[in-house]
Amino acid sequence: MWTWFYKLASPPYVYAAAAALAPWFLGLAAITVGYGLVDGLVYAPPDYQQGDAFRIIYVHAPSAWLSLFAYTSMALAGAIALVWRIKMGHAVAAASAPIGASFTVLALVTGSLWGRPMWGTYWAWDPRLTSELILLFLYVGVMSLRSAFEDPSRGDRAAALLGIVGLVNVPIIHYSVTWWNSLHQGATVAKLGKPPMPGSMLWPLLSMLLGFMLFYGAVLCMRLRGEVLNRERQAKWVREAIKS
Amino acid sequence: MNMAADGLSVEKVHVWRGDRHVLRGVSLSLGPRQLLHVSGPNGTGKTTLLRVVCGLLRPEQGQVSWRGHSISSARSEYQATLAYASHEPALKGDLTALENLRFAVGLKRRVTADELRSALQRTGVAACADLPARVLSAGQRRRVAMARVLAMSASLWLLDEPFTNLDAAGSDVMSSLLQSHVAGGGSALVVAHHELTVECDMRRMELA
Amino acid sequence: MRVGAFEAFGLVVRRELCLSFRRPDQLLQPLVFFLIVTTLFPLGLSLQLSLLRDMAPGVLWVAALLSSLLSLDSLFKSDADDGTLEQLALCGQGLTVIVVAKTFAHWLVTGAALVLVSPVVGTALGIPGAAFATMLLSLGLGTLTLSWLGAIGAGLTVGLKRGNVLLSLIVLPLAMPLLIFGAGATDRAISGTSAVGALYFLAALCVFTCTLAPFAATVALRITLE
Amino acid sequence: MRVGAFEAFGLVVRRELCLSFRRPDQLLQPLVFFLIVTTLFPLGLSLQLSLLRDMAPGVLWVAALLSSLLSLDSLFKSDADDGTLEQLALCGQGLTVIVVAKTFAHWLVTGAALVLVSPVVGTALGIPGAAFATMLLSLGLGTLTLSWLGAIGAGLTVGLKRGNVLLSLIVLPLAMPLLIFGAGATDRAISGTSAVGALYFLAALCVFTCTLAPFAATVALRITLE
Amino acid sequence: MNMAADGLSVEKVHVWRGDRHVLRGVSLSLGPRQLLHVSGPNGTGKTTLLRVVCGLLRPEQGQVSWRGHSISSARSEYQATLAYASHEPALKGDLTALENLRFAVGLKRRVTADELRSALQRTGVAACADLPARVLSAGQRRRVAMARVLAMSASLWLLDEPFTNLDAAGSDVMSSLLQSHVAGGGSALVVAHHELTVECDMRRMELA
């Protein structure tokens, strides 16, 4: 069982698997995002309060969710690598961080664009907004800590530890709307019971979410390949792979 | 491949630093009443080897064991029996020589100020005991570091170029300290570039 | 004779205090920094005194945070630079004891000292005496938590040049909840509403950090020591 | 062939920039610190948004001050620690050239960079776009002056451990006028009144410091070098 | 009392450090094609003397002059002709060995990268030219520091224990560099604890 696990995490296997998965992820992402965009931006009815401005949700909410999801996967990959000394975990974490940071930026930008018509300001020091900004700082911290070390393996482990410690911020972001009374919208989609959103608005949103996740998977696979190649540049299999 | 059950054994240790494969399968063993003199050209990994033996650096491959146990499994017992002197004397400039010793040695075993003073005396820096380490000369600092090793009464000494900065008298003191340590049942791993004049069971290892 | 963990803890705390008191001027520095930052603000605000009272808790907390943070940078660094950290790591006591002792000593000379002078600053900023108990308690809990968060950050950045800025980058985001609840508690105490909820939260945060951070900081230090 | 003072100046600036760019993440750190401190304040104020706009200039200036200050600490220190400062002092160029070059390079990577990002922070703090020109100009003059003041402080504290806190003690009082007039100018620009007077004062302060501080810093450094 | 108009002369220099009267009226003179080997027990003030000669430390009494002028009156001319190697190698860890040299030597005279590489070559660390100094071993760093002295093409070398951390081959290189420097008309003041094997006009001074 364990040997199987370790074999699964061996660099050549990861490299090959990432190469095989990436096109699938990318293709599926294109389909789901395509459906979500068309249905969400064209067919879904305008909101009775916000008119067409609400359509930003189709980019904002998925990218905000993904910013949390990518952080959590990065921290978990780092934790696995730290505890079981599986080097590929660090590669996954390193590949994940910039993608997550980009989603965070996207969430911040779309959020503040949305905030302008909704709240009359691009930015407010609201708990949800602030904690999302902190998430961006954490991403930046993890990335710069990793690169600050001369020795990559130490940088990996240091970044993994910081990632784990920073995980406390994720529930704070998620529950900030309930813990503090906030400007920001409460949980709309994931609420138990009947979602307060009509299906015609909800389905494109869920499709966009799925699409963003697939897209994340695709980019992760592509970045992971580069990461693995760079890390294993001394190894025989890499030289052979490059030659052939 | 004997697991020197009563001493130190290093087996096929490999270490990479950056892209360099610094230690390529180094093995050694060291028992009580033995001294191992490690030498070799600059940059061949002597300091790296010493840090691996201390447990400060985990080798990518290979194993270091002490009295039959891997040093990472019995870390604190192992550390209690070793004394390491690195390239730098590792003194706090703001503390006096004596205080430096008290806080470093005090964590390993209970010592009195008199014991510490007599260690400083033996390495010839008793006069500097109450000066802050910051003002000491390079050689005086090295002697204080040596006194720290002495006062720890450890059975395994790991010394990185202990003769550095010492004058002729200091070198003689250092040699005789090594000799009496080994004669008293201790082991010593000494990195040095020149010949050692210590009368004991001394072997030599050349890294290349 | 082997030395027990408690004895080792005491010895390291004594060592740290001894090092601090060897330079009394430096001992006072975080305090004076705290005083200066709290006076800078009123200046930067061009003396709009009406504003001052409203923002007093925020200023107090931000100053406390920054002045702890500034001195945190040297928590392990000076020992790492002169090689004494290696000696400490090899002392046979386990790194956790060392880390706990050093962090505790750091809190004593910065956090605790800062709590002691905060009434002076509070008075100057116009915080009413009735809010002092809450202010002191929240600052005490907050600075202790911060020292622990800082120990993780300091452990992670110890080998790096100019690590102090990276340290703030790492620690400040983690310290944000502290700031929100700490300033919030003081704010409520000033306006006369109950600050118990925020204080409980701060206490919980403190206990949580104090139990987990020592291990995280030890791991961090071990990673960077190699 | 001997090397002229201008050439030497260029070489030292190149050396400093090279050292900074060798670690691009560290280059960004004062900036990020600046961003973080400016976000801390609003948090500490428990979301009283109405207050925020009023104190924006103060926050902006205090953050700029602190973030320059943090990085100033390493201006001479890292060179002193590894012995390269002695080599620089013996290079036959006169210490003043070295000091000027190092301070200028420091300003380029912190002060100038900070001025460039200040519009972002200004927007987040609610400073209107019309006040940006004044804000940029005053911050530019202010950070340059600050770098020079900091050089004196850094020269004096380089020999001491934990100099960064002492450094702030020396520099902050000197920087008070800067803060008052800098924040004042921005404040006036926000409220739409003329900030020319404050700007002139800042410019005068800048010219004054830039002419005298190099010599003061050189003397300070020479004292601590011995 | 000759004012060695063509070289270095130190006259009755006194230095106190704290309460200690470290240098008590030290005098020496050193002309071209001469090497002065300063030795003495640890803590007797050899490093202090070297710092005084450099001008880094101003003596409480006494005078240091170069080619007939006091070194403080002709500071920058004097500094342009000297090269000092202290106890520490004085390298920036973040810069490569070559960059370290470029920025240090470049302030003294115009040099090309090739000259610097050949200096590194002569001290046997050409392979480390593009590694950051931080990763170099103790001996490699010392060799880079020596290359810096070499590349400065200064006429006065002031070396504080230049043989520290060097392996046997490194010591030989160091001796032959000294020899060719002196043979080429230079002067050298060398602090070392052991005998020097340099064939030239060598005098010895013992501090006590």
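Order of writing sets the chain letters: A, B, C, D and E. Residues in each chain are counted from 1.
By definition in this document, contacts are C-beta pairs under 8 Å (C-beta built on N, C-alpha and C of every residue); 3 or more make two chains touch, one makes a residue touch a chain.
Source: prediction; values computed, not measured.
A.B. asks: Using C-alpha centres only, name the chain that sits farthest from subunit B.
C.D. replies: Result for max centroid distance from subunit B is chain A.
A.B. asks: Taking each chain's centre as the mean of its C-alpha atoms, give the chain farthest from subunit E.
C.D. replies: A
A.B. asks: Please state whether D-E or A-E has more C-beta contact pairs across its interface.
C.D. replies: D-E
A.B. asks: From the mean C-alpha coordinate of subunit B to that of subunit E, what's the distance rounded to whole Å?
C.D. replies: Roughly 30 Å, centre to centre.
A.B. asks: Using mean C-alpha positions as chain centres, tell me how far subunit A is from subunit E in Å, no decimals.
C.D. replies: Each chain reduced to its C-alpha mean, subunit A and subunit E end up 58 Å apart.
A.B. asks: Centroid of subunit B to centroid of subunit C, CA atoms only: how many Å?
C.D. replies: About 37 Å separates the centre of subunit B from that of subunit C.
A.B. asks: Hunt down the residues of subunit B that sit against at least two other chains at once, touch-wise.
C.D. replies: 17-18, 87, 93-94
A.B. asks: Among all residues of subunit D, which ones touch two or more of the remaining chains?
C.D. replies: 23, 25-26, 29, 32, 36, 43, 45, 78, 161, in rising order.
A.B. asks: Going by the touch rule set out above, which residues of subunit A reach two or more other chains?
C.D. replies: 127, 130, 137, 140, 144, 148, 150-151
A.B. asks: Of all residues in subunit B, which touch subunit C in the complex?
C.D. replies: Residues in contact with subunit C: 54-58, 75-80, 82, 84, 86-95, 99, 103-104, 106-110, 148.
A.B. asks: Across the complex, what residues on subunit E touch subunit B?
C.D. replies: Touch residues, subunit E against subunit B: 17-18, 39-43, 47, 87, 128, 131, 135-140, 142-143, 161, 164-171, 193-194.
A.B. asks: Touching subunit D in the complex: which residues of subunit A?
C.D. replies: Going by the criterion above, the answer is residues 121-127, 130, 133, 137, 140, 143-144, 147-148.
A.B. asks: Please name which positions on subunit D make contact with subunit E in the complex.
C.D. replies: Contacts found on subunit D: 1-3, 8, 11-12, 14-15, 18-19, 22-23, 78-79, 82-84, 86-94, 225-226.
A.B. asks: Considering the complex alone, what residue numbers of subunit E touch subunit A?
C.D. replies: Within the complex, subunit E touches subunit A at residues 132, 134-135.
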